[in-house]
Structures are given as C-alpha cells and as structure tokens.
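Here it is, the structure, as structure tokens.
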C-alpha cells in the first residue's frame, strides 16, 4: 500500500493532527490565554468539517481492518457537523469554565479523541478495530462527564458511566471471544463467510450485542443514561445522546446488515422485543421527569427504540431510513440541548418548572425549543415527522404492522410529555420566568444551524434520495 | 498446548472468572473493589482469546493480539476510573459506592 | 287559464315579511300596519280573481275542473326522485286561497286596532305576513315535499306568534309545546313521505292521486309490515302529521295552550287556517286515502275525527277561559271535518262527505274567526279571559254582541246561517256511512250549541258584573272586520258548494235532506234552550247540574288530565330517565375510559419509578439479567 | 404557480408577514387582508372550477403532480373536485368570519392569528391533496395548532382540554397512519411501484383480507375527528375551552376533515372493507346521532350543548356515508357544509353572548331577546336552521340523507334510519329549550339590561356565515349538482 492510500483515513488523520495541536497548545499557551483556545477549536474543527466533504473513493486498509465507503464517509461528515454545532453551543460555557477555574484544553482533546474513536468504530473492518474504537469513544466521555471537578454529581456521573462501560465492554468482549471461537477469525469478511446460528454464536452474539446496546442505551442496558446525562455537563450529555448514540446505532446497523446478516432470524426477533421494551420504558419514564436533562435522556432512550424499527428490516430502505432518522435526530436533539444549555448557563435553571413563561420573555429560544420538540415528537412539517414516517414505512414494508402500531402509540405517549414542556413554555405564565437575555454569537450560530437542519432536512427531499442511493452499499 | 488440560477446563475457568467478576461488581460496596471485579471480567475474556487461539486456531495469532490490546485498554480504563474515584473522594472523602447514588428515578 | 300571476299571491306576503323584518327598527309602526294590510289586500284580490277565473272562466275538461300546475325543479334526490317548487291550482287549493286571504286580511285589519301601541307592532305584522306566505305555499304545494316544507314553515311562524309575548313564561312554554308536539307529528309525516317517495318514486300529487296511477294501483305489492302494506303505513303516518297540526286526539294538547298568543293570531292560525291544514292534507291526498287498502286509513281518519270532536266538545262544556272554550270548539269542528272526509266516497254523490268537509272548513273558518275576533274584542275591553269576570256586556258593546250572536247561531247550526248548511251535509254523509258516526255527530251538534251559548250568555248576559272601568265598544278598525265576517257568515251558506269542490272535481247537485236537517236543528235548539235556562240569568242550576255529574265534571274541567300526562312523559321519562342518564354515562364512562387510559399510563410510570434506583450495581444487575434472559430465550425457547 | 398551490402558499406568506407585525392593530389588519385574499381565491376557484368542469370531466381538475420523495414514490400531487371546492370555500369563509370575530383579541394577537392561519393551511392542504402522504401531513399540521390555540387563548380548564383534544386526535392519526401504510403496501398495480396516489390506488383492487384489516383503522382514524361515538369526548371539552374563533374553525372546518377523509380514503380505496364493516359503524354512528342529541338536552353550558349537537349532526354525516349511495353521500357533504356554517355561527354568537354576560350557563341567562335583539334573533334563526327548518341548509342536507338512507332495503337499515330521523324531534327539544330559557322569558339579571349591541365586525362575521346557510337552503340545486357530479366516480368505485 502506498502513501496516498493513507488519505482514505483523511478524517482520522486530520483529527489526530488537531488533537496533537491541542496537546501542544496545552503546553505552549499560557494559563491566562487558555480561554482563546475555544475560538481555535471552533476554527480548526470547522476547517476539518469542511475538508471532510471532499470526496474519496471507497476502499479498505490494513487487510480490511479499516474500510471506508461513501455511506460511512457521509456519516462521518454528519458526525462532524454535529460536533461542530456542539462546540458552538458550548463555546461560551467552556470559555467561562476555562477562565474561571483556569482549566486546560483537555476538554477539546478528550472530545476529539472520542470522536476519533467513533471514526474508527464505524470504519472498523474487524472486531479488534471495532473494540478499540468503541473504547476510545467511550472512555474520554467518562472523563468529560466528570469534567466539572467541583461538582459531586459530575464525578458520580463519571463513575457510573465508566463502570457501566467497563462492564458492558467486558461482557461484549466475552461475546466476541465466543464469536471468535466459532468463526475462527476477527475479520468481518471472514466471519460473514462461516457464521451460522449455533447456540454458541447466538450466546456470543447476545453478549456482544449487549455491549453496543449499552451505547445506544436500549432497555435493559439503558440504566446509566439518565443519571449520567443529569450529572454530566450539558454539552457532554448532549454529546452522549447525539453523537455517541448516533454513531453506535450506525455501526450496529452495519454489523447487523453485513457481518451478522446470517443471524437475521435471531436478531430481528431480538430487535422486535428490545424495540418495544425500549420505546415503552423510555416513554413511561420520561412522563414524570422534572429535570430537563433527565427528561431528554429518557426521550432519547425512546428515540433509540424508534431507530430499531428501521434496523429490524435489514433492507436498503431500512438503512436509508435509519441514517436519515439519526441525522434528523441529531439536529433535533442538539437544538433541544442547545436551548437547555443556553438557559442553564445564563440562569443555572434546568427544571421544566423554570421554563414557565419562557415564551413571553425569550420568544426566539422558545420557538427553537418548540421546533426541536415537535421534531422529536414527529409533528409535521418539521424534519422529525419525515424521519419517523419513513422509519415506520420501512418497518411496515416488512409487514411489521403491529410493531408499527405500537410504535405509533408510543409516539402519542411521547407527544404528551413533549407537550408538557410546550405547555410550560407557552401556556403558563410562571411566577418568576427566566428573564430576557441575549445569547452570544456562537450559541446563536449553533442554534441557527440546528433550526435550519430541522426545517430543511425533511422538506428537502433530494437529501433522502441521496442517502437512499448511498445505502445501497450494504445490500 | 498444555498437556492434560483440554480447552473445556480452561473455558470453564474463564467463565467462572467472568461470573466471579460480575458477582463482585454487583455485591462489593467499595468502588475500588468493584473496579477490580471489572478487571476480572476483562481478564476472563483475555484468557478466552488466548486459549481459543492456542487450541482452536493456532496458525494465526489474532486472539493473542486481541488479548494484548484488551490488556492495554483495560489499563487505561482503570487509570481513568481511579482518577474519577479520586475526584469523588475529594468531595466526599469516601470511596464507597453508596456515595454515588444521589441521582435516581 | 293563465297562472303566472298566481305566483304573486305567495310572493307579496313574503316581500312584506322581508321588508318589515329587515327594516324592523326603521319603519314607524303605523306605516308597517298599512304595508301589511295593503299587501294582504292585494293578495286577497288576486285570490278572489283567481277563484273567479278558475270556477267560472276557465273551461272544464269533460265536466271536471282541470288542474293547472306551474313548477320548477328545486332539489334532485335520486335519478327518479325530484322535488319541485310550484303552484298547484285545483278546486280545493283555490278555495283555500280564498279562505286564507279573507281571514288573513280581516285579521290584519283587526290587528291594527288590537295591537295598537304594542312594542313589537312591526314585528307582529312581519310574522303575520310570514305565516300568510307559508300558508299560501302549503295550500299551493305541488308535491308532498313542498307541502312538508311549508308545513314546517307555518309551524315555526305559529311558534313565533304564540311566543309573541316572549317575556311571559307561560307563552314561551306554550310556544315550545306547540312546536315540539307538532314536530313529533311531523316526524311521522316525514317518514310517511320517505316511504311514499321510496315505493312510488314520486312526490307529485298528480302522479300519486291518479286513481289509475302506479302509486295507487301497486299499493298491495309493496313490502308489508305488521300486516299492512308500506303505502298504508305511509298514509297512516302522513295522517299522523295532519292530526298533529289539526290537533286531533291525542295530539291536541298544544292547541288550548296556543291561546297564549295574541287573539288575532288565534283567530287566524289556530282557528281558521293552519289547524285545518291537516284536513287539507287528507283532502289533498284523498284518492290515495280512499283507494289504497280499500280506504282502511280513511276509516281511521273518520273514527279519530269523530272521537276528537266528541272529546273536545265535552271538555269545552266546562272551560271558563273563553279562548280555551273556542279552542276546544275548533278542535271539535275539525274532528267533524275529518269525520266527513273519512266517510266520503269518490265520484258523484258518493263524495258528499268530501264536499261537506271542505264546505265546513270554509264556513267554519268564517264564523270561528268571527268568534275569536269577537272574543278578542271582549278581552280587549275586559282585560280578562275568564267567564267569571264577564257578564252583561251586551249593554256596553252592541256590535260585538250582535256579531258574536250571529257566529254562535251559525256554529250551533241554526238555518239559514253558514254552519247549518255545511253541518247538515256532514251529517248526511255520516248517516249514509255509519249510524255510530252519525250519532256522535248529532250529540256533538247538541253539545256545541250548548257550550257555545253558555259562552254567549255568560259573556253578554248573565250576572251584571261591576267593572273597574266601564268597558266600551272596540274601535272601528276592530268592529269593521267583525261586521264583515258576520256578513260572510250569514251568506256563504248559500254558495252551491257541491258544484265547485268535489272529490272527482265533477260537481253534483246537493239538496237538503229535510228529516236529518230537522233533527240537527232540533238538537241544536235543545242545546241553546238548555244554555238559556242555565246561563241567561244568574242562577245555580248549572252548579247543581255540575254536582250531579261530580267526578266527571272534575275530569272534563281538567281536560281529562292530558296535559299532566304529557308533562310526565316529557319531564320525567325524557329528561330524568333518558337524557340525564346519557349525559351521566357520557361523562362517567365514555369520557372516563379515555381519562382512565391516560391516568393509568401516568400511574404505571410512577409504579416502575423505583427501577431507576440510582445504584450502579442494580444497573449492572439489570444489565446482566437482561443479557442472561435474552440469551436463554434465544438459545432455548426461540430456537431455529 | 397553479391556482391550488396558492391555497397553501398564501397562508404561509401571511404567517410570515404576521411574524413581522407588532401589536394588535397591525396583526389583525394583516390577518384580515390575508383572510380576504383567501376568500377571494376560494370564490375565484369556485367559478374557475365550474368553467373547468364544463369542459373537463376528469375526477380531479387543476391537478398538478410534483415528485417529492422519489424512492418512496411520494408526490406533491393536488387537485380538486366539486366537494373539495365547496369545502375550501367553507374554510375560507369561516376563517374570514373567525378573523372578524376575534377582532379584539388582546393576548398575543400576532401569535393567535399565526396559529389560526397555520391551522387553515393544514385544512386547505388536506382538501386539495390527492396523495395520501401529503394528506396525512396536512392533517397533522391542521390538528397541532389547536393545542396552542386552546391552551393559550382558551378559558376554563384549557390546559386539560387542549391536551385531551390533541392526544385523542393524534392517537387517532396513529391508527390512521397504520391504515395508510397498509394501503400503501398493498397498492402495487400489476408489478408497478408502490404509490400513495389515491387515483392510482383506486385502480388497483387491494386484497380482500387487507381491506378487512385496514378499513376499520382508516375509518376510525378519520372518524375520531368527525366525533364518532364513542371517541367524541374530546370535542365537548375542547369546544368549551377553546376561544370563539377556534371553536368556529374547529367545529366548522376541522371536524369536516373526518368525514371527508372517510369519504375520500376509507370508502374510495377500501370499498370491500366498507361493505363488510358498514353495519358495525352504522350502529355506532346512529347511536352517536341520537345519543348526542339526548346528551345535549341535559347540558346547561351553551358550548357543551353545541358540542353535543355537533356530535349528533356529524354522526349524521358518517351515517350517511355508510349508507353507500349517491343521495346519502350528497347529503353527507351538504350536511358537512351546512353544519360547518351553522355551528360556526353558533359559536360566534355564543362568543358574543359570553363576552357580554361573562357566562355561558343558560340557567343564569334570560330574556336576551329584549336586551340584545339582533344577536338573539340571529341565534333563534341559527337554532331553527340547526333543527332542520326548511329554507335553511340543514334541511336540505338532512332530507338528502334521509331519502338516501331510505334507499337501503332491509330491516336493519330501516331501523337505523328511523333512529336517526327521530333525532329531528330531539334536536327541536334541545334547541327550543335554549331559546326558551335563554332568549325568551323574563330578564333574570338586572345588569344584563344594558348590554352593548353587536359591533360592526361582529355583524359582518355573523352575516358572512348566515348568508350561505340561507343561500343553500333556498336554492340548493346548483350546489348539490356540483357535488353529485363529483360523487359519481366515487360511488361507482364502491358499488
């Protein structure tokens, strides 16, 4: 392999460079000036995101350990955009942190490391690369969750995350070892040849699946989610719920549709069960949450359940709808978290009750929140509606009408609690509503991007068709 | 090939180890010992990989390689976990797991 | 015959109504009165001219008056079933035109005096015009559906006029009662129409009434229900509608209360025109009633009519509210007409009953309107409806006294006044058909004479009541109509009605049946004499007489407790035992279920709350448990 | 830009304009302008349609078809027939009247009109859609603003009612979604592509089992919005809490989506299912008719009375649709129209009375005819219209329904028909009860003696609604012809 085939790994390499830059920045930039690293981060990562859009042919490296294709490439770009928006939204908060508690640039380093992990995870061509990517994407987030060293809750979140993650990776490794035992290889292209439904493979698959289910936080592997979201800084929670969940869902889809295709008759039932469990549990828990972050945590669990509706199909349509939905979900959830972030960092309020009368003081923020919630609930004409509708179409195309019906019942339940927030913001006047404030530029940009995403992704149909064409690669 | 020991015993061993780890994880009250249990779980799979490689597919060293990586990652994980536990200790001056149960429902 | 101008007859009142209704506030009362009268005068002239044209100018087709129809499509139901709006000119409609116009005109003139100074003067005339318009429409209807449409319209205008004094609770109640009872009857009417429409495929009277037409010929081939053919049922239901409007037993209860309305209204709507709509309806469909099922329904009509007339007459004996007496007398007289129709045949002298009924309708309109207007004048003078507040009024209001007497004699069937002739014909018809009906007829004739003169003597003779302020004769605007009507009452009897209005439109020579006439007159005279004895001068004969009857007297004076019965049905059955439970059921169960689903969900979410215990080890347990469970399920249970 | 897409575009633009306005005066002026514009468009459409229909006998005219989501074969495909034209006109008129009625809305006027127009957009879009997907999309767009409209500007237990209404309607749309997907995946025309297009699906005959399965889903999904017993309970509370203009639009227009959808989708695409299931839903709707009427007798809150009468009247619509013949369907459409106008008029009047007396409890009102003669007189007229008096639209509609349902032989249909016909008596009872207690009789409360008379905008609003009622009632032929022509292809599909 020659040098320029390394450029297939453009995303990874660029990001690595950026990471190294920040490590050095940690050393060279004096404490007083650390605050400015925020701008640097946004600048560099924006550049990285832009470069990511350069086309590249699909191929694989290292004897198939690392592979990339148009869909993966596309998805990496989606992740980039997500992280960029995340940075924009948390810039203000970070700057304050760094200046007040004179922290270093570790936040960026860790964040980008985790993202790098995701890259490797979704382009993994064998279980080893996959495992390393998984861990690389999880562990830094645990550190980030504990970023607020002064807050006990933050450390608690960190601990919960890292222990659960450790357990999960342990279990899934045990599973992988069994798969290895049965197939005799850790390379996907070899595994797919020989894998069959024997008891051992099924066991191994279930154990392995648990590891990923943990990251997507499917029931019953979801328990950590709410607590971590609540304890961790908002931007981290947002990252967990959006980027890491999205990436995990994507890789799960790749694995199911390619490597584990032979086990379909097992995993389609597995997913059927988990989808129902996840949707209902997520919704039922979300019903009575008071803390915005916890609320969004459970809502995101429910959303994960919806994603499974697309996974269950194992068809191109399924792939397309899942990617499409995840993309829309990323934008919607980022918008929601962005508003929470904005309000929290100005007033420190995070409870739904505090949002009462928000519209009358901060109409713009409220509208963003409204759009976000509607998109999550799947109300037209915002993107979420299309995402959900297509997911259901995918599921129905395989004849899972009952599942679709139950899913739609869940949409109605979820609508209830989304409307609770809308009620607080629009219907109530509130005793002491959040006073009017204006956001700083980055936050505005961040929210603006999400809003554009929410409005455009659905109505602008060529996008979906494009994704559909890309999705051909797995079938 | 260890003479006289078939793969069954070894897999049994690793499985027992795995479940000991899980048991420890669930029952210990001290964060450090929970961390140790996690290590046990990981090591169980390490043994698996190595032995499966050795007994079943001796020609390529995939399993062993995998094991090495697992060990490395486990180390990193432990370090990170301990760091966070220290952080908690700073605030609560205790490393009991019950300190981490404020957020619920 | 040229019929286009006839369209004006209904349209003029409509125009008047619209003008008065829309510019209600802007028009001065006096002006509006003139507008109303002028409009009606025009309509009346046209009607009379039309009658003259129709009966004397327009040529007959082999001896029968022909029918002129002018219509335009209004609604297309199915490919076959269509509803037209138009005018239908035949003997009875022309006759009704004259009746309606005359009475309405009289009432209009009268009202200018009677309603003077009333707040809603303009509104009143607007309503009168609305009613007149609807009545014209009803009379001229070309098909069942059109008649139903205007049927409803007269109903609502009657509702508006009864409730004219809308601040009076009793008036409101009466109006509601009138509307709902008739509405209930109309429900039957409508179903009847639907059946007819479905089985005969037409609503047009022409097609329906043609004795050779399919509607009549094929009645037996329609599906049957409880042994009667569908068409028979349809006719019964249609008659139900008629009975409702014409206050036949047992749907009569609204009529007495309807007297809450202003007296001119009672005269116009509840004596002369609207209440006979039922009779008109039966007459309109007479061939069907006669030929379908061999006149079975017609028998029903006859007996219902006869019973109602007797029933009402008995009640009328004991009422003390003069308007109610008149109301029951109206009911009784309409029963007479129904009976006459019921006993009628079709062609030639067979159809004497039909002719008699129409004749009686005609004359009755005159003298009953006269009676009401007279009563109105009295009430206007005494400010009370009750006999006990009256007496000896002949001294104060001679004109009223005289005209009232004429009317009373007429209704009592004293020759040569109008009532005598028509009533005689009816009795003849009844006699030829069944002795029972004839007997009832005679008894009713006697009763009628008695209660009518009880009324007359009670008002104008009897005790000399002391009046707070001496009553005086009504103003000219009120007396003129009285006089005119009195004149009509005395002359119309001589119209050779049988030449003009007959079932087969042929016309025949009716001649007095002397013995029957003699009996009738004798009975009437007896009634009058009895009344003379009881009420001419103040005495206690009547009371002793009443005591002799005891409970029967009580029952009759309470109208046989029918109102109470209806009250029970509406208040208790409908409100308490149907509506209330349904409303409750709706809140409690239907709504409750929906509520329940929501509440249960929230409850459930509370129940499972503790699963999220916050203990990382519990989470681990859940995690492992999940893994083990799933593995077990997919390895052992859900195997492939 | 074609004449139909304007109906979606213009409201959106007006919304955009409204977003820029500040204060009540600007907002209502812009809204009024928008309302007038849409009214003009609707009238223009009516005449354009009549001309077009004369030369063009396609099922839908002014059709336009733009591919939207190529892969799923979703099109933005629109077109109208007589029915949708009539309903569009209804919508435009009621919207305009609603804007007039809410002339004095004080709290967040801008947002109020925006939500109102969003709702209207949804309704317009729904009526012009030929594609199931867009239809469903617009359906939900139309429903969701109700939450804000009731929740923010409502009265009484508004949050509860708003939530209840939204959830029940969305739950219904959930069922509907499954039905639509079911239709979609059975819509393969001889190996062709799956399609959402109604006309294309109509040419396919969907497998019998599928029809049996998906008809009830589709029917219920739509009929809940048409207040099908026992799923009507959102409507009384919703109406009672909603502000006047919203009640008008909701009862007047939004609830019509139910009947329309049943007619366009459930009946047209799943005829076999319709035939199989009709008996069951006939029972439900007949119950609804009589049940609503009786329930209305007992209420004392004006809005509740009207809501239950809506249950009764719209039950009539569904009942007629299930009778599966031309006349009844014609009646159903006419009933939708006339009920739309009448109930909107009612709610407008109730709003006026409430704004003056601050109560909707008829037992505390009385003798209003004396105090506010104009409003009361109109109320009487509306009442008479609503109890099916000839000369008003309600009569025409009901007669069509009754004659139509009488075309159905057989005891079951006969009995059901009689039950629903008997509603005309009960209706009279509860209408006259209100008239008797509230408008007639002595004035109960002295401070009511000097209530302000109707203002110019109120009068305008009222007349806007009253004229069509009388117009249809007096000269129904042209309208029913227009509708009958459009029904023809659908009835052929079913029979």
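A few comments on the model shown:
By written order: A, B, C and D. Residues from 1 in each chain.
Everything below uses one rule, namely that a residue touches a chain if its C-beta (ideal position, glycine included) is under 8 Å from a C-beta of that chain, and two chains touch if they have at least 3 such contacts.
None of the values given here were measured: they were computed from a predicted structure.
More C-beta pairs in contact connect the chains of A-B than those of the other pair, out of A-B and A-D. Here the CA centre of chain A is 27 Å from the CA centre of chain B.
For the pair chain B and chain D, the distance between C-alpha centroids works out to 65 Å. Averaged C-alpha coordinates put the centre of chain A at 43 Å from the centre of chain D.
For this pair, chain B with chain C, the centres built from the Cα atoms lie 98 Å apart.
Of all residues in chain A, those touching 2 or more other chains are 159-160, 163, 167, 171, 226-227, 416, listed in ascending order.
Touching of two or more other chains is recorded for residues 598, 609, 612, 614, 616, 620, 624 of chain C.
Residue numbers of chain B whose C-beta contacts span two or more other chains: 22, 25, 34, 100, 102-104. According to the touch criterion at the top of this document, the contacting chain pairs are A-B, A-C, A-D, B-C, C-D.
Those residues of chain B that touch chain C in the shared complex are 22, 25-28, 34, 97, 100-105. Contact residues of chain A toward chain D in the complex are 317, 320, 374, 379-381, 385, 389-390, 392-393, 396-397, 399, 401, 404-405, 408-409, 411-412, 415-416, 419, 422-423, 426-427, 461, 464-465, 468.
Interface of chain D with chain A (complex): residues 68-72, 74, 133, 136-138, 140-141, 144, 147-148, 151-152, 158-159, 162-163, 166-167, 170-171, 174-175, 177-178, 181-182, 184-185.
Within the complex formed with chain B, the residues of chain C that make contact are 609-610, 612-617, 620-621, 624.
Within the complex formed with chain A, the residues of chain C that make contact are 598, 601-602, 604-606, 608-609, 612, 614, 616, 618-620, 622-627, 630-631, 634-635, 638, 640.
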